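The same subunit A turns up in both complexes below, where it pairs with subunit B and then with subunit C.
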Partner chain A sequence: MDKDFASRRRRELIVAAVLALLAALAPLFVKDVYVQNIMVLTLMYAALSQSWNILSGYCGQISLGHALYFGLGAYTTALMFMKFGILPWFGMLSGGVLSALIAMALGYPCFRLRGHYFVIATIVIAEIALLLFQNWDWAGAALGIDIPIRRDSWLTFQFTRSKLPYFYFALVLAAIAWFVTWWLEDSKWGYWWRAVKDNPEAAESLGVVVFNSKMGAAAVSAFLTAIGGSFYAQFVSYIDPESVMGFQFSLLMALPAVLGGIGTLWGPLLGAVILIPLTELTRSYIGGSGRGVDLIVYGSLIVAISLARPQGLVSLFSRAKKVPAR
Partner chain B sequence: MTALLETRNITQRFSGLVANSDVSISVGRGEIVGLIGPNGAGKSTLFNLIAGVFRPTEGSIWFDGEDVTALPAAERCQRGVGRTFQVVKSFETMSVIDNVIVGALVRTTVMREARRKAYEVLEFAGLAARAHVLASDLVPAEKRRLEVARALATQPKLLLLDEVLTGLTPTEAQTGVELVRRVRDTGITVLMVEHVMEIVMPLVDRAIVLDLGKVLVQGKPADVVRDPKVITAYLGDRHAVGA
Partner chain C sequence: MTAETIIQSLASGLLMGLLYGLIAVGLALIFGLMDVVNFAHGEFLMIAMYATFFLFAYFALDPLLSAPLVAAALFVFGAVIYLLIVRFAVRAKANAGMVQIFSTFGLAIVMRGLAQFFFTPDYRSINHSWLGGKTVSVAGIFLPEPQLVGALVAIAAFVALYFFIHRTDFGRALEATREDAGAVALVGIDKNRVFALGWGLGGALVGLAGAIMAIFFYIYPDVGASFALIAYVTVALGGFGSVFGAFAGGILVGLVEATTALLLPPSLKSVGIYAVYLLVVFIRPRGLFGSI
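Coming up: the complex of A and B.
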């Protein structure tokens, strides 16, 4: 009856598996630590953007405050390890659960807001959290936290000698975020989210509980984002409020998805692969005197994309799907 | 047997404006009931109250023997009230089949099952050939049918049709009429709001005429169209004199 659909789904899985395999082999050829560093960041942002895409792309609730969950993940992991000696793996999980709970607590009032007002609320809340952390002495206030360095081990998830363990973790994270999205796409939730985004009133009339759908999307999205934050804390081993909860993270999570194709399965990955290396390269080549040039490049790209391909770059790959003339 | 749907003394005010006042109607199982009346009679308001878009100022709504007055729209759909919108609200960014799957997911969370049901409903509504087209690419008549298909996928006991036949060409309207009949033949009760009298009257078992927020007349279509009160409401006093 719908063989096309089933085979498309299978093809997506195969493509993803091949890509993951190729990525896993990449370190055999790339020995340069600087390039490895860029690869880690690219995969991390692919995972983050994929998580962001669940709430903002599929469910249509544009958040520019995801830095909050990223920071919460980073702080939970770092604080639990430093203060209580709890291994980062548990910290990671706790950070994820905590973020999901906070996302739902914040969603309760915020999901009553629509459009721009919702976006503004997300920005403001993340900024408030940033201020709180900057003044919270127990959590290191504005000075931040130096994560105590132990021996290199998967147990403490610390590696001072090689970037490769981080690379593989980031790869797994990106793969999980992709897979979760893939799985949700063909589930009740996936359909509900797209319906909510497209026309909430019609969705309600078809038995979709709009509010619950948004809450579900927020929880999954925040959980995955926090895992990314925990990873980042381990990766850089020093965090302060500005470096994990600053507004730029919220942007860096949104932009790859927007560039690649918002609300699409491949958009965040494609966007991250283009955007993150570009940012890192412009930053290091133009560097010091040219501070902010990377942002100019960013801005131009986004403007160009939104004018030429509002549906994002993945739309270039889809078989000449007709675009409604508006 | 109790009626499937009953409104008891419904009154709806919008800051001073009375859209429905003391409306008590009932719809029996297996009926096709037409809800008609001139513009501003309060048809759409009553319709939205039954669908659960908002709560009435006074009165209660009973569905399938239960008081559903306080239930939101989504829950009424779960109980078996399906609806279409006067201004079509397709999910424009989704394909036709995906539109219908959203509806089918009320009854099952198994995707395979929902997809199967959706194809079945599209077949029923004559849209199977358009299953993989984006909803925004459908022509208006097809969009109307998609609305009906989507509502049918929720497997309703009562289907509320809001002007699904209005603005169609005679051929399209005839296809629509047949679709409504076939829906009823599957055991679904239909309550439809319509403007086009000639099309509705032969189709419905019973007609309820609203005017100025109140039930003016109800009964067999043949009697209703001849009722002087109805003629007055539609055409004004001058024409009623000769009737």
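Coming up: the complex of A and C.
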């Protein structure tokens, strides 16, 4: 049993390494900028969804307000660079730490809430932050911030001529988010979180400090989400409150994990690989008419997958694996 | 800020609050019945508004006359959505909560897409309805007639709902199913039929609200989204599962919104609602009248 488990863990690591290597080679064959753009977004959403999955999937605290941390990451980086000339790398780190601290400060009152009361609290808090940013003149208010373009370099993390540096950064980010999840899955935190998700009372009686477990999950999840936001700000070089902190963003982060398999290691990645290219393609090929066909396709897909595969698409693979083992 | 402006805005806040209550009560009813939050509730409101608009545009039917028709249409729509989608969502063996959220949320996206496709993203409004733009003066306070009538309709709907739940066989079946869906099957009540009727009723209530809202609000594919969040907050504030709570929550939300609008710039008027929600649930984690 233990041996099986250890070899499964090792196999997961090998599969991930192979996938990362293949992804790293992909730009050799894909020269089209439009496709490269989709690849960057896919990796970014894989990373974001993986981060969201830590709090909502593993620990079971469903947040539909993660746009708050994404937006904080984006704004911290952009404001520090624009107002004080601080390099985005420091901004990225500060945004991450700030988000983790805020997640814990908000978690303090919120983690006493259950079920829908908690979900609505997360939505409402992100919405308050959105409204405040829309009215905060120093931070560009509703118009947002145009990040000043210096010159292409890793130092300022700006690349106007090529998408490849962004691609590789997004790949590293997705790999880190995956690895953190992989590592946490088998740590004491991972077991605590699953216990908290399944039955908080039983977990508490067995000595799991439920509250601290939730706080830990929130901090890790918010930190990684903010790094994603910070990356996004550099990638698009223009941010405004609605586009980085809007409710839609919270949903977009959750969807890959939900469709791929919530609370699973591979779910967010699988979900992102399917969902993001599909979203982008429907948007540019049938969404151009401005008549909502892309929304119809996208929405139907969400309904169909969530009804047909409640445990997520990742379950398709695990079943295939089980059959030869019998 | 004079006493008059304060009373004036509290009065319109109260009227709007009753309408918020009417929008939210269908959501509360469905949740109380089967623990499902309909994330397409705002889109139900949106199609009710469009239905009212087209009945006015093509048949010159005033929203006040078409309101019962729209409510009836939404009744059918709600029941059909239950039978086609929600019935399967509640059966999910894994991640039941997520499946409910995302299947109804996917439905919301489809409905918005369909509205864009068939009705275009243009803003529409109903001009020259019987009540549109008129105000009535009560003791020196000016009240807009559409909101006033809307508030009266909301009160009437709440009274009717109360009697319906407590005095009719179906209402008793509804209560019984909500208490123990397994046990009602033993006495020959078809759970699915009760749930479908519950969804129909929830649809009819939001349909009624949509018909009234269409008199004084712009109608566009995303209109539901802006009211949906207020409706969720209203229901949660009142306490999930409590129909009376939705009513009380609506009034509170209306008053808080009006007060915030007096104190803060108009673009921040929702902050007050959200802050009060957080304050209430931090002190009382099951809302004002919720039973957990």
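Points to keep in mind about this one:
One rule holds in what follows: the second predicted complex is superposed on the first by the 310 of 326 C-alpha atoms of A that agree within 3 Å, B and C clash if a C-alpha of one lies under 4 Å from a C-alpha of the other, contacts with A are read in each partner's own complex, and residues count from 1 in each chain.
Convention: a residue touches a chain if its C-beta (ideal position, glycine included) is under 8 Å from a C-beta of that chain, and two chains touch if they have at least 3 such contacts.
Being a predicted model, the structure only gives us computed values, none of them experimental.
Between subunit B and subunit C, C touches the greater number of residues of subunit A. When the two structures are aligned on the shared chain, A:Ala24 is found in touch with neither subunit B nor subunit C. Of the two partner chains, subunit B is the only one touched by A:Asp186; subunit C is not.
By the document's definition of touching, of the two partners only subunit C reaches A:Gln134; subunit B does not.
In the superposition on chain A, A:Ile62 makes contact with subunit C only, while subunit B stays out of contact range. Of the two partner chains placed by the overlay, only subunit C lies in contact with A:Leu255; subunit B stays clear of it. Residue contacts after overlaying the shared chain place A:Asn199 against subunit B, while subunit C stays out of touching range. Touching of subunit A by both subunit B and subunit C, each in its own complex, is seen for no residue at all.
Contact residues on subunit A toward subunit B in their complex (touch as defined above): 1-2, 4-5, 186-188, 191-192, 194-195, 197-199, 201-210, 321-322, 324. Interface of subunit A with subunit C (complex): residues 62, 109, 112-117, 119-121, 123-125, 127-128, 131-132, 134-135, 247, 251, 255, 258, 262, 290-304, 306-307, 310-312.
Within the complex formed with subunit A, the residues of subunit C that make contact are 31, 37, 85, 88-89, 92-99, 101-103, 105-117, 120-121, 221, 229, 232-233, 236, 240, 265, 267-268, 270-271, 274-275, 277-278, 281-282, 285-287, 292. The touching residues of subunit B, counted against subunit A in their complex, run 51, 53, 72-75, 77-78, 82-83, 85, 89-94, 97-98, 101-103, 105-106, 109, 111, 114-116, 119, 132, 134, 136-137, 150-151, 153-154.
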